[in-house]
Amino acid sequence: MTPEERAFQERVDRGEKIEPKEWMPEGYRKTLIRQIGQHAHSEIVGQLPEGNWITRAPTLERKAILLAKVQDEAGHGLYLYCAAETLGVSRDELLEKLHSGKMKYSSIFNYPTLNWADIGAVGWLVDGAAIMNQVPLQRTSYGPYSRAMIRICKEESFHQRQGYDIMMKMAQGTPEQKAMAQDALNRFWYPSLMMFGPSDKDSVHSAQSMAWKIKINTNDELRQKFVDQTVPQADYLGLTIPDPNLAWNEEKGCYDFSEPDWSEFYDVLAGNGPCNKERLGARVKAWDDGAWFRDALSAHAEKAEARRRSAIPAAE
Amino acid sequence: MTPEERAFQERVDRGEKIEPKEWMPEGYRKTLIRQIGQHAHSEIVGQLPEGNWITRAPTLERKAILLAKVQDEAGHGLYLYCAAETLGVSRDELLEKLHSGKMKYSSIFNYPTLNWADIGAVGWLVDGAAIMNQVPLQRTSYGPYSRAMIRICKEESFHQRQGYDIMMKMAQGTPEQKAMAQDALNRFWYPSLMMFGPSDKDSVHSAQSMAWKIKINTNDELRQKFVDQTVPQADYLGLTIPDPNLAWNEEKGCYDFSEPDWSEFYDVLAGNGPCNKERLGARVKAWDDGAWFRDALSAHAEKAEARRRSAIPAAE
Amino acid sequence: QAALVEFLLRMGDNTLILGHRVSEWCGHSPVLEEDIALANTALDLIGQTQLWLGLAGEIEGQERTADNLAYLRDAAQFRNVLLVERPNGDFGNTLMRQFLFDAWHHVMLTALQRSSDPRVAEIAAKAIKEVAYHLERSADLVIRLGDGTEESHKRMQASLEDNWSYTGELFVADDSDVAVAEAGIAPAPDSLRAGWDAVVNDVLEQATLKRPEGTYVHQGGKRGIHTEHLGYILADMQFLQRAYPGATW
Amino acid sequence: QAALVEFLLRMGDNTLILGHRVSEWCGHSPVLEEDIALANTALDLIGQTQLWLGLAGEIEGQERTADNLAYLRDAAQFRNVLLVERPNGDFGNTLMRQFLFDAWHHVMLTALQRSSDPRVAEIAAKAIKEVAYHLERSADLVIRLGDGTEESHKRMQASLEDNWSYTGELFVADDSDVAVAEAGIAPAPDSLRAGWDAVVNDVLEQATLKRPEGTYVHQGGKRGIHTEHLGYILADMQFLQRAYPGATW
């Protein structure tokens, strides 16, 4: 470690926030860009599975709530791209990497939303898992990221409650509605567990990220916490978690549960999820189709600027 | 009249059929091309308003019947383009004129199909009016046209019965269904009357066409006949024809009825019908999007031909 | 009173169907800021729908809620103008349709704040704040895109021509319009024309776009005769309520 | 018996949903002959649907007609493979999807003619004449387009890649498939693979197309886990039956 690196690490250890113009190790910057960028991309791509039900939301109230949620997510994307920009990478560069497949977004969004209860399950489980990941990141060492997380977490927990409320209505509804709720839980349970990433023993960058306080807890810790939180919620709904091995472990004071099928995780990561092509394809199409729009706004701004300048008499 | 023209007219007067390779006046040929071409285009464009309900047909049986009908219509288009080709104009030339707006199709297809009863009304009224026009044309002087008409009329009257059957089910159905049936009749009544064209006194080419037996009856005759046939059918359905002036005229032995609003007719003709842009747009898009397909089939045919030729040893 | 219900349905169906169309863009717009703005516009419109249809059901007195009206009527019972149900087309077309509607919506709500019916005035007072922002935004974008690149200019002019013949319906009165106007509940539709023209002409001029000369007016929506598009909108929108009647969501 | 009903639903839902997709082309295809051919294919498939679902309802014994099954089940109750619900794409993609399905459909129906259940054998005997023609036609067009222009070749290769990972589901067996196979009602799904491979390899070779190497298999349709597209298909298809329950058409 160079003296600079040591000083940096000591600041992190003391719990100081690192701010944009301050010195930071190149690896720290790169890891942050990857992590914040992926998170931003996830917010954007995450609009799609929920957007799939906006036109079919069952009541005006539910439609409004879902629209507000999707709007929030786009807003989160915006904060996060801004946070990433403080590290010297532009939003367009990050998007280019998303579109060319060089950067990822959360694999969970490669699963389809097939019935209305899925919108509940996404809020309850997916946002729930996301919050579990994000709450500790409010204390992350990088200032802009930490501040973005504080703002985001507040909204996300609101979304999670709304999702749980949908599940509640469905679980207490007609037999068909309850079946949809159970079906949604069946399909989203393991993918939600995968959201915490592979077991720490298989996770490459974990140790360094934790030292830098870019990562606060291990994947397995968070996954356990998520299970412990979610099981009683499912019980309360009267729904069954699709895991025959799920059982309370008195000794450890937490639930035992089955690992997700990691081969599925790697399949989805490799592009073979149910919706990978559709999701990325939709984003690339939106971007390409919108090129004329973005070009026109730039052109107009230049014209307006030129007009402004020529309106000011040259100071001779 | 030249001697040739006189001889031609005498043949027509005797009821002889004119066949493709035989001499005919240029005006006869041109009028026929226009008339047959417009009829062919109408069959093709006519697929669209009905196609609009194929994916939403209320039973499998109705869906199958509608598919069969649309298939028949495309088939009619095919016969008619072939009949036109015997006059020395290719299908592609005719389509080019359709796409560029130089040739018309029946204005009735510029009206939307808004509920399922419209599919009944199209069969009952639109096909009904078409048959009224077409039955006499089975005796038209041009052989290929006459033969196409014989074939087409048989199928059309089948379609008309199917349409009337839909109306019957709707009129005898729930109050909502009956309301749809009445709504369909309200919207399709006057446009159907317009299908016979403006009153003969305003019709330019009529006299010559009748002499040539390209047109057999006057527009007003056919319109009257249509009204007289349709009113009792509407009565039987328990539906009200949207014309307060409709009344049986004992003296003349036929119905008195209101003229359609001819300004609407000319508006639609001028491109301002409810669906003009959509209908023609859909056809042009289908044609343009399909260019690669047609090109590929030609290219393959050439390759296959070349291979066939090179496989035969040259006869030296 | 029937005329008042009719009027409220027209207001609520306009916002419902336009909100639906706008929401179709979710996640597909050209830049993130537009995703946010469009979701926000749709959200406002759906919120207004709840108010207009809620009041319509209340006055009608047949125990129909805003949801009943939105989800259990078929196309022929819908009262929105044809303009709002037209397909989105490209993003420029969506913005042009929005601008042409916003300009009307704003003059309409301005007048409705003085409605003789306080319930109507109250909704209008709430909605106009949102709609003022919609108009500001859509007008600004129409100007920037009209006076942007050659391509954007061409697209916006084409969108203008495409939508133009659907704007006239906003100003055509029928008996029901006359009745609510006479009762002082709502302005006569054609009384809004001058205000609309002023806004539209000003924006089009700044946008370097040419106001179309065509005077043909497509209409029918206000009396339930729609385009073929509405049926497909409703098939999606109403699926769950139709497939699971009586369920609570 | 439950397995037999399941099997019949799978057959009928495949033809229903593919017939729906094909019928979407009505009036929009590249040449008139294709409009005719596609309407004809859709018509055959809908006719077969009536037979398969009719028999499924009969054997199920709960008084559900073919129409009840087609119009009153939601997506999770549908049993078609994912391949048939995929969007049409360009005309080449529609043809490629059709060919890949036809090739399977033909070997399946060939085997079903020897079903131990005479009702199944009878439907298969009727359907195979139609399907033989579908296959002849789609194979011919795949060859001509694959070996056509550079552009058509590129499009067809892309369509092949896009659809490829959805073909594997046709050959994967679950308990229900095993049960009907053991009862001699239907062939084991994987027993059809060799016949399908032979046809597909031959046609692709003539079409100068490269068989994709990917082995990933998208599945779920046969147990009711579909793509997001099916919900939209059903919203349209079922609208009238859902909106006007109990009406006669």
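Side notes on the structure shown:
All chains are identified by letter, namely A, B, C and D, in their written order; residue positions are counted from 1 within each chain.
Note that in this section a residue touches a chain if its C-beta (ideal position, glycine included) is under 8 Å from a C-beta of that chain, and two chains touch if they have at least 3 such contacts.
Predicted, not measured: the structure shown is a model, and the values here were computed from it.
With chains reduced to the mean position of their C-alpha atoms, the one farthest from chain A is B.
Counting C-beta pairs in contact across A-D and across B-D gives the higher total for B-D.
In whole angstrom, the spacing between the mean C-alpha positions of chain B and chain D is 34.
Remark: chain C and chain D have CA centroids separated by 42 Å (rounded to whole angstrom). Averaged C-alpha coordinates give centres for chain A and chain B that are 57 Å from one another. Residue positions of chain D touching 2 or more other chains, listed in rising order: 74, 231, 235-236, 239. Listed for chain A are residues 56, 176, each touching two or more other chains.
If you draw each protein chain as a dot and join the dots that touch, the picture is not a line, a loop, a star, or fully joined; it has some other shape.
Chains that are in contact with each other form these pairs: A-C, A-D, B-C, B-D, C-D.
Across the complex, chain C meets chain A through its residues 16, 20, 23-24, 26-36, 39-40, 42-43, 46-47, 49-50, 53, 66-67, 70-71, 90-92, 143-145, 147-149, 151-152, 155, 233, 236-237, 239-241, 244, 246-249. Those residues of chain B lying in contact with chain C across their complex are 52, 56, 112-115, 176, 179-180, 183, 187, 267, 272, 274-275, 277-278.
Residues of chain C that touch chain D in their complex: 74, 231-232, 234-236, 238-239, 242-243, 245. Interface of chain D with chain A (complex): residues 74-76, 162, 165, 216, 218, 220, 225-228, 231, 235.
Looking at the complex, you find that chain B touches chain D at residues 44-45, 47-48, 50-51, 54-64, 67-68, 70-71, 74-75, 77-78, 81, 91, 116, 166, 169-170, 173-174, 176-177, 282-283, 285-287, 289-297, 299-301, 303.
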